[in-house]
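Two complexes are shown next, each including subunit A; its partner changes from subunit B in the first to subunit C in the second.
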Partner chain A sequence: MPRSDSGAPRAFSTLGALFAFIALGWRRAAANRAGILGLLALYWLILMIFWALWQATPLHELRRPGIDATRLFWYMAVTECVILAVGFPYRAVEKDIQSGEIAAALVRPLPYAAAILAEWIGATGYRLALLAVGGLLAGIWATGTVAIPLAVVPALVFSTVIATILALLCQLQLGYAAAWVGTPAPLFWIWQKLTFVLGGLMIPLTFYPAPFGSLAMASPFAAMVFAPASFLLDGSPRAILATLALQLLWLAVIGMATLLVARAAAARFAEQGI
Partner chain B sequence: MSARHRLWNHLSYVAALLRVNLAGGLARPLFAATSAAMMFANNLILFLLWVIYFADFSSLRGWGLQDLALLLGIVAWAFGLTVFLAGGLRDLATTIADGGLDVHLGRPRHPLPGLLLSRSIPSGLGDMASAFLFWLWLGGAGIGDLPLLLAVSTAAAIVLGATLVITQCLPFWLPGSAALSEELFNMLLLIVFYPQNAYGFLVRLVLFTVFPAAYIGLLPVEAVRDHSLIQALGVLAAAVAYGALAVWVFERGLRRYASGNRILELR
Partner chain C sequence: MAAIEVEGLSKSFRVRSPAAGRPMARLFQSRPVIELPAVQDISFTIAPGERVAFIGPNGAGKSTTLKMLTGILRPSAGEANVAGCVPWRQRRQLARRIGIVFGQRSQLWYTLPVRSSFELLRRIYDIGRPAHQARLERLIASFDIGALLDRPVSELSLGQRIRCEIAASLLHGPSLLLLDEPTIGLDVTAKAALRDHLGELSRAEGTTVLLTSHDTGDIETICDRVIVIDRGRLLLDAPLESLRRDFLQRRSMILVTAEEHPRFAMAGVAVASEPYRLTLSLDTALAPVEKVVAAALTQLSLRDIVIENPPLEDVIKAIYRDGGAPGKADHAQV
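And now, the complex of A and B:
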């Protein structure tokens, strides 16, 4: 008689549970209508602020052909879409640790980290889809065009998915940091601002002075923010492949680091309690 | 009881609340110091964005890197002072939604000071400390400018606090809007941290009225840049007006409050 807890059936059951968590995250995000409305308004506001800023900026001083306010608007539409879709989910892990609720979650058959990450992916996916439509509408309204070459759209979508997963993995680590530091908010602020600066949230990393620009481009922050938006500035196959390869490399590294942090936190809970 | 005695009585109550609040905020000195240091570093990293911007561009509609430093200093002071002294305003919407006002309504005092001074966020100290670095080192201001800087920045803190009170009162009228209040807070923060001199007339009109970010960022910076008494008085007048408006909105909302507010939230 086949054992139900081994091999393929177990893998299917785990996958089924993960998809259920993804669906749960999606539904929860969709149910928070006031929050979604506020998020969309915040996104539009950011885009309008930077539209005004880039229009007021003497861009001719850059001496780079093809760079104008329209192009930079669309660049920001992508970077901000990723940042806002991800949000601050680390607080959920922090709350679970501070309240002790994580104890119940740790004994479930599906690992806590996998379950919460799946739920976040669902919620982020919903917000990402909504913000993408919102950004598209805002972009057409403000600039009168869509400055995203059709050929880069598949790479842009794939890269955005990797970027958001990378950011979620970092947020998971930040949430777990509550096991050691109690309140990880100060760590989050630093991580967030590094994402803004080294990720090229506002100004493309290609505009940064050397060697700061090259260093930033090789960092994981660039893989989270700059990577998808960079296709709007350089959509050559070579640039796309190099960017995606770097993103996948960071995905492997940060994924492994998250696994280690989750294990270390679980070991700490087992030894010292929550 | 004479008016003078009533005022003294009220000020003593606020001072007592502040004492307890700050003692609570600083009860874990190591955490408070770490939070403040991280916030200090956080503000400096944010400034890096503008260093990079002005490495590429000569000015932003007449503003340079020093003006941006003045702006960041003023906003950091305003935000830091607000959350360090009155961190409870960050929880106001949740308190209203959860029916948590009951505790405050049972007291023989106006509930607003008790609510606002119920928590102190120690990272605010880092914001306030970074303000001096932005003003005196990066912003090129002198020691002589400090009284004006402190006056307009403190007035900006009152406008910021008042605006937050108004947005956090949304759950009185709109059940389930605590998340929206948080987004409105993020919006205000976002607007004030970026230079508002780049906007056109209509946007500026909004920033001087409905969403008073101009009194927190633009006008205080212009007052210091131009050493303008009129502009400084404009910020102080805005602090009085928006402070009074916040109290009025809160009291209007309070009339709609019932302790079973949570039921409305869950409906």
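And now, the complex of A and C:
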């Protein structure tokens, strides 16, 4: 087994470096206090607006058993938590490519994509933890209850982690798109709108008319947003397993696609320069 | 084994020719792809411990060559072996053996204190803590960066940042250091300090140095061999002494005087006079700088002295004029 300078097997040393980047992301997110407070304020504002909206909506006319304003509030607390925690970090990769700073990262023994993804995971983890606490407090204050069955909490946490990693992988691809299109902002806008609509950010995909609901649920966007929140609508073991299986499938597909995009970008830099 | 071995290295970039005509017509225009040669058929070998300046004017192909040697650019033709690796095939393996500084790009984390950047690099290169600490202490002393460690990189001056960048590139103890324009944008004092630190450290540790620059001052202080490249082609590969003898012997000196109509005369010195100012062009073989300064101090009442190295463009013109000076250089390859 190849060993590093410190004597540890190379694979462990790479993992150690990635953990250092996760910690860096966490620390950087924590240092941005104004940003975090702004994010929390925005989160509460969105939740309160929709809470008022759901209360004013005759939801019983939908004839969907178990769907009420409280449940929809908690559904959206989860979807918005994922979206706001992820943010739009693709711009860091775009900036590195446009400025040429990526050259300094490419001459290190740690892959650039892995390092930046690890940093994003750290930063997103911090925001996710803080928004989760904020959402919980907002939910208790608004609805007077916690409409998350205790039995689904482990699956909800696991699914939320996969959802955010999926979204971060997509953002990494969007950042790398700068190698071909210069400014990937238009691609990001399209991706973001698809995430909102096909991910069921505000309304559960089960509300969508056929065949759009089924199509949206099979899409990767549902795995990024709808999946964890869906446990609040259907917490049966069968639904949870099916949702997690679909998420893991998308994780494999999007993970592979990200690897290919990163390799294609590196090949382009090698041919065309940075 | 050579530290760097380059054989027939070439790089061309494929670019689309610019669009012409009305804006709407441009949308539907098919633009042919043209090959733009950046580096053409260069060969050289650098032995371990050598300090080599790779110089040329802007756009000569210096950075392109350096990027090929680090593996982030793939050549169109030719071969290279750097520290035992083929750079574009073994980029990550090579990264552990070399240190790189891009003068205009930072490898440090902008918002983090320098110490945290060094710690991250320790984790990336997986250096054991005791070895890292010992190395860091040595680099802190060499580059005089002790007072900078707890300051964020964003708060450092350019000169301070570059010193930290070079220390960062040496943290993992590379046998080869590649420096791309390390003194660009630095003031005279910062340049001099950096050159001294770098020269001392490379001599003490036997690190091979390949330095690109278009500042002839960098070359004279740090290097003992010079490779000149222009328009992608190797123009001269010679020891510093031969370049100094043949092409760097002229210096400009500006004397600002108290006298309105100053007069100065000395063998080997051409003088241009203006009110309160003399511009001297010295042939240092005949009139060494220190002797000219001493003579000026006795003949004139001086208010200021500025000594300038010949611009690289003039050196290159002189090399072209002398047909690459193959006979003058001790082992020139043209």
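We take it that the second predicted complex is superposed on the first by the 266 of 274 C-alpha atoms of A that agree within 3 Å, B and C clash if a C-alpha of one lies under 4 Å from a C-alpha of the other, contacts with A are read in each partner's own complex, and residues count from 1 in each chain.
As a working rule, contacts are C-beta pairs under 8 Å (C-beta built on N, C-alpha and C of every residue); 3 or more make two chains touch, one makes a residue touch a chain.
What you see is a predicted model, and the numbers here were worked out from it, not measured in a lab.
Participant: Hey, is it subunit B or subunit C that touches more of subunit A?
Facilitator: Of subunit B and subunit C, B contacts more residues of subunit A.
Participant: Just subunit B (first), just subunit C (second), both, or neither: which does A:136 touch?
Facilitator: neither
Participant: Is A:272 contacted by the first partner subunit B, the second partner subunit C, both or neither?
Facilitator: It touches subunit C, and subunit B stays clear.
Participant: If we overlay the two complexes on their shared chain A, which of subunit B and subunit C does A:17 touch? Say first, second, both or neither.
Facilitator: second
Participant: In the overlaid three-chain picture, which partner chain does A:103 touch, first (subunit B) or second (subunit C), both, or neither?
Facilitator: Second partner only, subunit C.
Participant: Okay, in this complex, where on subunit B does subunit A touch?
Facilitator: Checking each residue of subunit B against subunit A gives 31, 34-35, 37-39, 41-42, 45-46, 48-49, 52-53, 55-61, 123, 174, 176-177, 179-180, 182-184, 186-187, 190-191, 194-195, 198-200, 203.
Participant: Considering the complex alone, what residue numbers of subunit A touch subunit C?
Facilitator: So the residues of subunit A in touch with subunit C come to 4-8, 10, 13, 16-17, 20-21, 24, 28, 99-101, 103-111, 115, 269-274.
Participant: Inside the complex, what are the residues of subunit C that reach subunit A?
Facilitator: Against subunit A, subunit C makes touches at 13-14, 64, 67, 70-74, 88, 91-93, 95-96, 98, 100, 102, 105-107, 109, 111-112, 116, 119-120, 123-128, 131, 172.
Participant: Contact residues on subunit A for subunit B in the complex?
Facilitator: 32-35, 37-39, 41-42, 45-46, 48-49, 52-53, 55-59, 61-62, 182-183, 185-187, 189-190, 192-194, 196-197, 202-203, 207-209, 212
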